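Residue numbering begins at 1 within each chain, and the chains themselves are lettered A, B and C in the order written.
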Amino acid sequence: MSAVQTGEIITFFILAPLAVIGALGMVLARNAVHSALWLILTMLSLGVFYIVQAGPFIGMVQIIVYTGAIMMLFLFVLMLVGRDASDSVIETLRGQKVVGTLLGVGLAGLMATGIYQATRDYTVVGLEAANKDGNVQGLAKLIFTNYVFAFEVTSALLITAAVGAMILAHQEKSGVKAVGQVAKMRERFLPGNYPGPKPGPGVFATSNSVATPAKLPDGNPSQRSISPILPTRELTAAEKADKPTLTGGA
Amino acid sequence: MDAYLSSYATIGALALVGVVIIGGAFLVNRLLRPRRPNAAAGKRDTYECGLDPVPGGWAQMHIRYYLYAYLYVLFAVEAIFLFPWAVVYLEAGRAVIVEMAIFVGVLALGLLYAWRKRALTWQ
Amino acid sequence: MVKLPPMDYAAIMPLLILFGAACLGVLIEAFVPRRARNITQLLFSLAAVIAAMVFVVKRAGNVTAANAITAGGAITIDKAALFLQGSLLVLAFVSLLIFGERTLEQGGAFVAQAAVTVGSEKDKEQAAKSLGSTEVYPLALFSLAGMLLFVAANDLLTMFVALEVFSLPLYLLCALARRKRLLSQEAALKYFLLGAYASAFFLFGVALVYGYAKAVDFASIHTAAAVGAGNITLLITGLGLLAIGLLFKVAAAPFHVWTPDVYQGAPTPVTAFMAACTKAAAFGGLIRVLYVGFDGLGWQFTPVLGAIAALTVMVGAVLAVTQTDLKRLLAYSSVANAGYLLIGVLAGGQLGLQSVLFYLVAYGLTVIAAFALITLVRDADGEATHLSRWAGLGARSPLFAGIFTFLLLAFAGIPLTSGFMAKLSVFGAAVDGGQTWLVIFGVISSIILAFPYLRVVVMMWLSEPGESTPSVSLPGVLTSTALGVGTIATLVLGVAPGLLLDLADKAAAFIR
């Protein structure tokens, strides 16, 4: 049983380089979405490894939860922070990246050689016993007997996460009272408020974009005409130019 | 062990067929479509309204979408635990059913909380 | 055949109570009207902690080797676990009092809606007049329950789940400060990222240890190590990785870098809770791993952990000298204290364990009182934690300056304070256990560390109060109680430590 099958070897040597390439691509890709896609490659390869090593359940979990749910979470975050957002290249500590890389490679080398040395002479035992009634049944037996407390406590972890997500991401609407028409009118004519309608964008302007401010009769742009949520942008000379009606024909 | 691996051969074949179908569809699409679509200047500009399409198309997403993604992940994890439970509960009896009831109950509490906080209604 | 293992419900009652109360706390959050939530949640959490304490005390009389291990071998409620659970409950009770304080600032120390963008109109509105969020109580209870499980876990898997259960709420709590919200969110993010990284190391360690011992429970690991089957490299690497995860939580150098930022950014009640309870829980877990699972490897881990202890005491002390913010100063002091505790852990034996247990309680109570006092010194922008702002506080408010001086003297380890007795017992145990070189480092570090403490004392008493010296707010009943309990405990444990030392002595026994 402990002998490695040919199919397993072939699968491994096809997917292992792919997994490593995926991991490298994830770290090195400039575009964050590409990083996420590389990561999916790595995770899928790992999922197949688990299945090949007679752990179909964990393999499927890897594919469903990680490449499915967690990666979706990643993509949501990317949409939150922006596809174009890139890391700052300024190092707050000088030489941080170099030292970090060296230490990381060193640790990886140390762990790899250590584990290789330690497990070289190991023979695989217990796989048959563990999967005797089927892989999922074997897992269920452990989860619902010896580790039942850890299992139940996991629900506490999940509900903490739910509450935490609610706290950090959900704004409760405060009960805004309906404002009557009289109150609205009073507010409109309060001193310091401009009761008239706002000038429409582009009334005197030469561009039809809402981002171009309306021109007042004296030729100045009216800031009131632009919605504050619009991004400001440079106007071209043509857009800045006065309309012929302002300059008196021509 | 060989039987175990070869049982996945069907899945492998299916995946291959899927790749061929989708790839083939794209290929056929490419072969059949007209080479030079009509792309006159200004064809895709906004007309008389809207923002000029100046910068990139990305706009920041509202954080509230993240909440849904997150709740989905939580319940995906719950479903993962339900799967091994489903194969043993008949033979295992009442105790295991109660265990899962507690687990699901605690998570349902999270859903109840989200509902009371009006996170589940779109505002 | 799947069959539920027998559960000793009397033994795990405190855990069940706390988890249940936390879940009910979430329900309270969903259904009780907003105005009544704070008082309901506070009273309910305090009641839950007291109820759990009752069951811990009830259990204390009848722990035997036969009935300690329960829940299918996942949990050991031995005497050490009970002592740690009891002290965690006491420390959490006192910190929860500060959580509930609402008289210093309208709505308390917590932001009402953490999702509101910092600096927006809505944020200004909610800073001025909103009730604070009350989710903090169920979160704190979840965290506390995780800690209680962590110190009683009998296998590495349960320990890992407990580690996550007590960490996750803490990450969240850190982000909920009402003032200086960006700093608070930054602290939470840093804590979360580094904490998740440390957890990954822990998990990797579990995997390697499983590879060696073919089991994750401490008894099997102990047996496998004693038999010496297989390649010991796997076991040692596994232990190393486990230790990284645990040392991160106790804030030992070089895994301490999160401490100052997180202590400074987190809301001060949360900082108090973390400084006292996380430290106790993490050391509880560490001593269980080292003395129950890996005691056969003593001669291998002692030199490495010794070096870490020496580094920790020095780093904490030296960096504390350069700090200008009180919360950061206390953070580095907490790093140094982690070092002293590690010295006690390495001392080993009955005496070492006893000294560590005593130290955790004594330090926890003092540090909670110190942070409670920091919440009182405030100006229009909230707490004034910069050192220069405390100049001349002695003239403004002699009582509180006096109490703070006393607490600082306890940190410095001056006789007649609990800090002195704690350090004495730890260093004594270390000399007894043949770790004299560590004691030398410890003493040098204590001398260095006395300097920043005394600088604060001198500033408070010998400087003239300037215009920028903030006023000391009159604390409400809750903070006064927390402050009073912490201060009196610091005094009593310094003058008459016998009772707690005896208790710790009786408790210093693990059951494998």
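The working rule: a contact is a pair of C-beta atoms (placed from the backbone, for glycine too) under 8 Å apart; a residue touches a chain by one contact, two chains touch by 3 or more.
Every value quoted in this text rests on a predicted model; they were computed, and no experiment measured them.
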Contact-richer chain pair [B-C vs A-B]: A-B
Maximum centroid distance from chain C, chain identifier (CA atoms): B
Whole-Å separation of chain centres (CA-atom averages), chain A against chain C: 32
Chain centre separation in whole Å, for chain C relative to chain B (CA means): 40
Where chain A and chain B are represented by their mean Cα positions, the distance between them in whole Å: 14
Residues of chain C touching at least two other chains: 2-4, 23, 26, 29, 115
Where chain B touches two or more other chains, by residue: 63, 88, 92, 96, 99, 106, 109-110, 113, 117
In chain A, residues with contacts to at least two other chains: 140-141, 144, 148, 154, 156, 159, 161, 163, 169-172
Residue ranges of chain A touching chain C (in the complex, touch as defined): 111, 114-115, 117-119, 121-122, 125-126, 140-141, 144-150, 153-154, 156-157, 159-161, 163-164, 167-172
Contact footprint of chain A on chain C as seen in their complex: 2-5, 12, 19, 22-23, 26, 29, 71-75, 113-116, 133, 135, 138-139, 142, 145-146, 149, 157-158, 161-162, 164-165, 168-169, 171-172, 175-176, 208, 211-212, 214, 230-231, 233-234, 237
Touch list for chain B against partner chain C, complex: 63, 88, 91-92, 95-96, 99, 106, 109-110, 112-113, 115-117
Interface residues, chain A side, partner chain B - complex: 1, 5, 7-8, 51-52, 54, 57, 61, 64-65, 68-70, 72-73, 76-77, 79-80, 82-84, 134, 136-137, 139-141, 143-144, 148, 151-152, 154-156, 158-159, 161-163, 165-166, 169-173, 207-211, 230-231, 233
Chain B - residues contacting chain A, complex: 1-2, 4-6, 8, 46-52, 54-56, 58, 60-61, 63-67, 69-74, 76-78, 80-81, 83-85, 87-88, 92, 96, 99, 102-103, 106-107, 109-111, 113-114, 117-119, 123
